[in-house]
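Chains here go by letter, A, B and C, matching the order in which they are written, and residues are numbered from 1 within each.
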Amino acid sequence: HAQAMSAEEAAALRAELAALKAKVQTLEDRLDAATAPAAAPSGAAGAVTPAAAPVTAAAAPAKPGPDIAWKGAPEIKTADGWSFKPRGRIQLDLASIDAPPGVTDTHGGLATEFRRVYLGVDGKIPGGISYRVEVDVANSSVELTDVYLTYGTGPLSITAGQIKPFWSLEEMTSDLFTSFAERAAFTQAFGFERRVGLSGQYKGKALLVQGGVFGDNANDLLSDSDNSVSVDGRVVWMPSFGDTQLHLGASAHWRKANDGPSAVRYAARPFVHTTNSRLVDTGTFTATSERGLGLEGALIAGPFHVASEGFWQTARRPGLADPTFFGGYAEVGYVLTRGDRRGYKDGSFDRLAPSRPITAGGPGAIEINARYDHLDLSDAGIAGGRQRTLGVAVVWAPIPYLRLTANYGHLMYDDAAIGSTSGDRNYSADAFGLRTQIDF
Amino acid sequence: HAQAMSAEEAAALRAELAALKAKVQTLEDRLDAATAPAAAPSGAAGAVTPAAAPVTAAAAPAKPGPDIAWKGAPEIKTADGWSFKPRGRIQLDLASIDAPPGVTDTHGGLATEFRRVYLGVDGKIPGGISYRVEVDVANSSVELTDVYLTYGTGPLSITAGQIKPFWSLEEMTSDLFTSFAERAAFTQAFGFERRVGLSGQYKGKALLVQGGVFGDNANDLLSDSDNSVSVDGRVVWMPSFGDTQLHLGASAHWRKANDGPSAVRYAARPFVHTTNSRLVDTGTFTATSERGLGLEGALIAGPFHVASEGFWQTARRPGLADPTFFGGYAEVGYVLTRGDRRGYKDGSFDRLAPSRPITAGGPGAIEINARYDHLDLSDAGIAGGRQRTLGVAVVWAPIPYLRLTANYGHLMYDDAAIGSTSGDRNYSADAFGLRTQIDF
Amino acid sequence: HAQAMSAEEAAALRAELAALKAKVQTLEDRLDAATAPAAAPSGAAGAVTPAAAPVTAAAAPAKPGPDIAWKGAPEIKTADGWSFKPRGRIQLDLASIDAPPGVTDTHGGLATEFRRVYLGVDGKIPGGISYRVEVDVANSSVELTDVYLTYGTGPLSITAGQIKPFWSLEEMTSDLFTSFAERAAFTQAFGFERRVGLSGQYKGKALLVQGGVFGDNANDLLSDSDNSVSVDGRVVWMPSFGDTQLHLGASAHWRKANDGPSAVRYAARPFVHTTNSRLVDTGTFTATSERGLGLEGALIAGPFHVASEGFWQTARRPGLADPTFFGGYAEVGYVLTRGDRRGYKDGSFDRLAPSRPITAGGPGAIEINARYDHLDLSDAGIAGGRQRTLGVAVVWAPIPYLRLTANYGHLMYDDAAIGSTSGDRNYSADAFGLRTQIDF
C-alpha cells in the first residue's frame, strides 16, 4: 500500500537538500582553498553529477594551498611551482686498519668518525629555477657542499654555483648510494672535489651531455690565488631495454694552474677514511696544468650489476717529463632481496630502495658487491707507489632512507710512499669499515 | 499525472538525507580541525542555510591547524600566533678589477666568490615575541648574522641580541635590496657591523625612532676584552604622499674602547668584494673612543628614486688631534618596467618585486641606478687617502626572490694607501661585478 | 491534507541526492588523501549512518597526508610514522663577576655572550627509528651537539652517535631546564661532554637503565689519537606517587686514556660562563685512566622540589698516588605560580611550562631555587683548590618556550688555583648572571 508524501514533507525535504547542497559546496570551496594535495582533477566532482540534475558542481577556482610530500623529510610545495625541502645526512663510521708497523698512524684498534653530517635545503622557484644549499658540519667546521642555482624548463639546463665538475660515474653517484663506504681510490687521488663554476647540461631520454667552466672549491676562493680555471665535460649514453640499464660514458678535464706553476699532490687513503695516512702518495710537486680522461661503463640487469671505470690523470711539469697516473676499478654486485635492484638515474647510480622494507615485515634490501680497485701513482720519475685493493661489501637498507654498509678490503702495495718500520715498501694491509647512514 | 511517492520511498529518502547530513557535518568538523587556511568566516556556512531549514550549520569550534604561507620558503603559522619560516640566501659574485700594477692582489682576470650563504630561521611566539637566528656560512666558517629576540605588540618594541646598530639607510637596507652589489664605501670603512645589545624602537606611521646600547660583534665577545660599549640612535621621518615616499633621517653613535685605548682602522675595498686590498686605509692607530654622525635623505616617486647620505666618523686619540673622516654618496635610480617601483619599508629600502614576473610572461623588474660615492680617510695627520667612485648598476629581478645585479665602478684615488709599482698614489681603477642572488 | 509527490519530483530529488552523495564521497576521499590531522576515527562516519540506510559510508582508504603539530616549531608528521621538526635555541647571557684584583680576566663591568645558539632537526622514521642532528654555532664555529640514531619500539632502545654518556641528573637535564643558568661546578670540572658511542637503554615505568661504550667527542675524533674508550652506565629509580615524583640514581664511569698515559685537567669557571678564568684548577697532569661514581637524589612534590648529587672522580696516575676529587650540590626550589611545577621526564628534569602563560593573561611560571654547590679539586698532592658556592636563582617562563633566568652566586675559595694580586688564595667572589632563552 503506497501512501502519498505530503507537500509539506516534500518541501521540507527539498529545503534540507538545498541547505545540504549549499553546505557541500562551501566545504568544497574550503577544500579547494586549503588543500592542494586534495586537488582532484577538476572534472571529477562534476563527472558524478547527472547532467539533468540541478546541482552546480563547479567550485570557485580558489588558489590551492601548499602540499606536503615526504622524501625522508617533508617537501612542501605549491601548485604554482614553489617547493622547499630540508636536506641532511649522517654517516657514522667505525673502521679498522691492520697494516705493518709504522705504516699508519692508527693501526690496530678501532676508530670512529662522523664521515659526513650534512644540513641544507632544496628549493624550487616557479619559472624553472631550482637551488640547493648544503653544508657539511662533520668536522666541527662548515664546508660548503652543493650550493647552486639551476635554470631549465626542458632537457637543457644551466647551473651556476658549486657542484661536482662531471668527473666519473663513481664520483657523480652520491656518497649515499655508492657500492662501498668509500669511493674508488682514483677519485680521491686525483683530487675530485666540488668547484664553483658555470655549467650546462642536456638530459635526453638516453643521452646526457654535461660541460662547464670551473674555478676552485668555495673554500679556496677565499685565497687571493683564485685564478685556476678548468674546463670539464662528460657524455653518457644510458639506454634502457626492459629490465636492463646500460651506462657508457666518457669525461675529459683540463685545468690550468694559478697564474704560474702551482703545487699538486696525488695521494689516497687506504680503503677507509678514519686514517690520515696516505700509503700511495706522489708528494707535492710543481705543475702548470692538469689533464684528465675518464671512461665509464656499467650495466644493471635485474638484481645484477657490473661497473668499471678507468681514469688517466696527466700533470704538465715545466721542464720535466709529464707523468700520467692511472686509476680504475671493476665491480660486480647482486641484490639478494626479491624485487629489488640497484637504482639508476640520470647518469649515476641511485638509491637502493627496498620493495619490502622492515616496516612492512620484509627484509629490507640487501646487496653484495665485490670490487677490484687499482691505483698507480708512479710515472715519469715520480714514485708514488701502487695500490691494489680487493674489496667486498654488504649493503643493507632496512628502509629507504636508512642504510648500513659493512665492507672489507685487502690492500696490496708496491713501492708504497710510506715504508714499514723494517723499511719494507711492498706489503699488504687489511681494512674493515662499518657505516651507519641516514639521509633526508 | 502525478503518482504518489510511497511511504517506504519517502522514508528511505529521509534516511539518506539524515545520513548525508551527518556525513557532511563530520566532514565539516574534520575540515575545521585540520585546515586552518580554509577557515571560512564562521557565518559563511550558515548564511546559505535557509532559516526555515532544520539543518544545524554550526560546526563544533575545533582548533584550526597550521597554515602555510609562502615567502620564498614556506612560513608555517597557527591561528594563535606561532609562526616558523626557514631563511636563507645565496649571493654568487663574479668580479674583476683593473688597477695599476702593484695595487691590488688580483688584477686582470676574473674572481668568483660566494659573497653570502645564509641559513637560518624566523619565528613568532604568541604574546608579541619574535626571533631570528641566521648564520653566514659563505666563508667555510660560521658567522652569526641576525640573532635576536624582539618583544612588542604595538608601535613600541624591544630587542635583545645581535642586530645592526641603526647606522644608516644604506646599512639598514638588507644587502638583498641595495642599489649596487656592495654598499657605499663609508659603511665598510667605518666598521659598520652587527653587534650584541639591547635596543628599543618606536615605529609610527611616519616616524621611526631607534636606539640602543651595544657591545661587540658576537665573534668578538669571545675575546675577554668584551668591554666596549656603544650607544647608538637613529630617527627617521618617512611620510608618504600618494605615490611618493619621503625619507629623512639622522643617526648618532658613540663607542668607548675597551678599558683603555684600543686599535682602530678605517679602510675600504675598491667597489667589489673579491679583493682583499684596501686602497684607502688609515692603517691601525690608537683611539679611546669613536663618534659617528649620519644624515640620510631619500625620495621614491613612482619609478624614480634619489638617495643621499653623509657620515662623519671621529676617532678620539689620546694626546693627539682627533681625525674626522667623511664618507657619503648620492644616487639616482629608475625602474624601467611598467608598474614596478623600488620597495620601501620601515626606514629602509625593500624588495624590488616585479609586477609582471617572467613566470607570468612579463619582463620581471628592471632598475638602473647611478651613484657618486665619496670617501675621505685623510685628516689630522692621518693619510688614509681619498676614494671617489662613479658607479652604474642594472638590477634585474625576473621573479621576486631571484635577482641579478651587474655593476661597474670607475674609481679615482688621491693619496691612496697602496701605491702602484711606479710609486704613484694618484690613479684610477675600474671594477666590474656581477651578482646572482636568491633568497628565501 | 496530504498531496502526493509527483514521480518527476521524487526522481529529481533522488537524482539530487545521488549527486550529493557522490560529491560528499568525493570530498571525503579528498579529505582522507589530504588531511591526516583530520583523520577521524574510522568508525565515526559510519556510526552516524543508520544501519538501514543505503548510504555506503566507507571511504576508499586513501593514504592520509602529513599533520603539523607545534612544539615551539612545527613538527610535520605522517600517519605511517615519519616526522620532522626543526630544533634550535638561543641563550643570551649578561654576567658580571666581582673578585679580588688579579683573579679573573674580566672583573668589574658586565660581559655578554651568546651562551648557546643551536640549530638542528629531529626526525622519526617508520620502524622505530629516530634521529637528531644539532649543532652549536654560538662561538662562530660549528660544534656538533646531539647527533645520533636511535632504534627501539618498546622500552628497550639502542643509540649510535654522539650523546651525553649518562653522567648525572644535572648533566642529563637539558641546559634549557636547569635550576641555574650554569650547571653544578663538578659537571664542568670533571669534563662531562657529549661523546660518540653505542649505547642501550631500558625505560620502564619507574626504572631507567642506561649504558654504553663511548669514544671521544666528535671534535676530538679528528685527531688520530682517537683510541680512548669509556664504559658508562646509569640506573634511575623514578616512581611517582600521586603528585610526588621521586628520583634516586647512580652512575659509574670508567675511561681508559689513549694508547698510553695522556693529559687530564680538572677545572671550573666561577658560577658564570663569560669568563675564561678557572679559579679552581688541577692544572694538567698525566693519567692512564679515569673512574667516576655518581649518586643522584631528587623529589618533586607539588610546587616544591629538592635535589642533591655527589660525584667522585678518580684519576689513575702511573707511579703516583691516585687523586679522588669530589663535587656535589644540594638544592631546594619552589614554583610560586599556582598550578605549576617543575617538569620531570625519563630520569631528568623537564620544562617549566606555565599553566597560565602571559598570552592567557596569566603570570607565566615563576620558580625560585637555592643551592649549595661544592667542588674540591685538591687530593693526593694535587692542589686544585676548593670552591663552595651559595646560589639563588629566579626562573620566569612567561610562555612555555621563552625563559629568563636571573641568578646570583657567592663563591668561597680555599687554596684557589689563581691568587689575587696580593697573593691571597683564600678569598670570596660574587657573580651575577641573567639569561634570556628561547627554544624550539
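Observations, loosely collected:
As a convention for this text, a contact is a pair of C-beta atoms (placed from the backbone, for glycine too) under 8 Å apart; a residue touches a chain by one contact, two chains touch by 3 or more.
Bear in mind that the values here come from a model prediction, so they are computed numbers and not experimental data.
Counting the residue numbers used at the interface between subunit A and subunit C, under half appear in both copies, so the two copies meet with largely different residues. Chain copies subunit A and subunit B are related through a rotation whose angle, from the C-alpha fit, is 120° to the nearest 5. Here the CA centre of subunit A is 34 Å from the CA centre of subunit C. Residue positions of subunit A with contacts to 2 or more other chains are 3-5, 9-10, 13, 17, 20, 24, 27, 31, 35, 86, 119, 141-142.
The part of subunit A that touches subunit C in the complex is made up of residues 3-7, 9-10, 13-14, 17, 20-21, 24, 27-28, 31, 35-40, 44-45, 48-50, 52-55, 57, 67-68, 70, 72-74, 86, 88, 90, 92, 105-106, 109, 111-114, 117, 119, 137-142, 274-276, 357-359, 398-399, 401-402, 436, 438, 440.
Only residues 2-5, 9-10, 12-13, 15-20, 22-27, 29-31, 33-35, 65-66, 76, 78, 80-82, 84, 86, 119-121, 123, 125-127, 129, 131, 133, 135, 141-144, 147, 149, 160-162, 196-197, 215, 218-219, 221-222, 224, 226-227 of subunit A touch subunit B when the two sit together in their complex.
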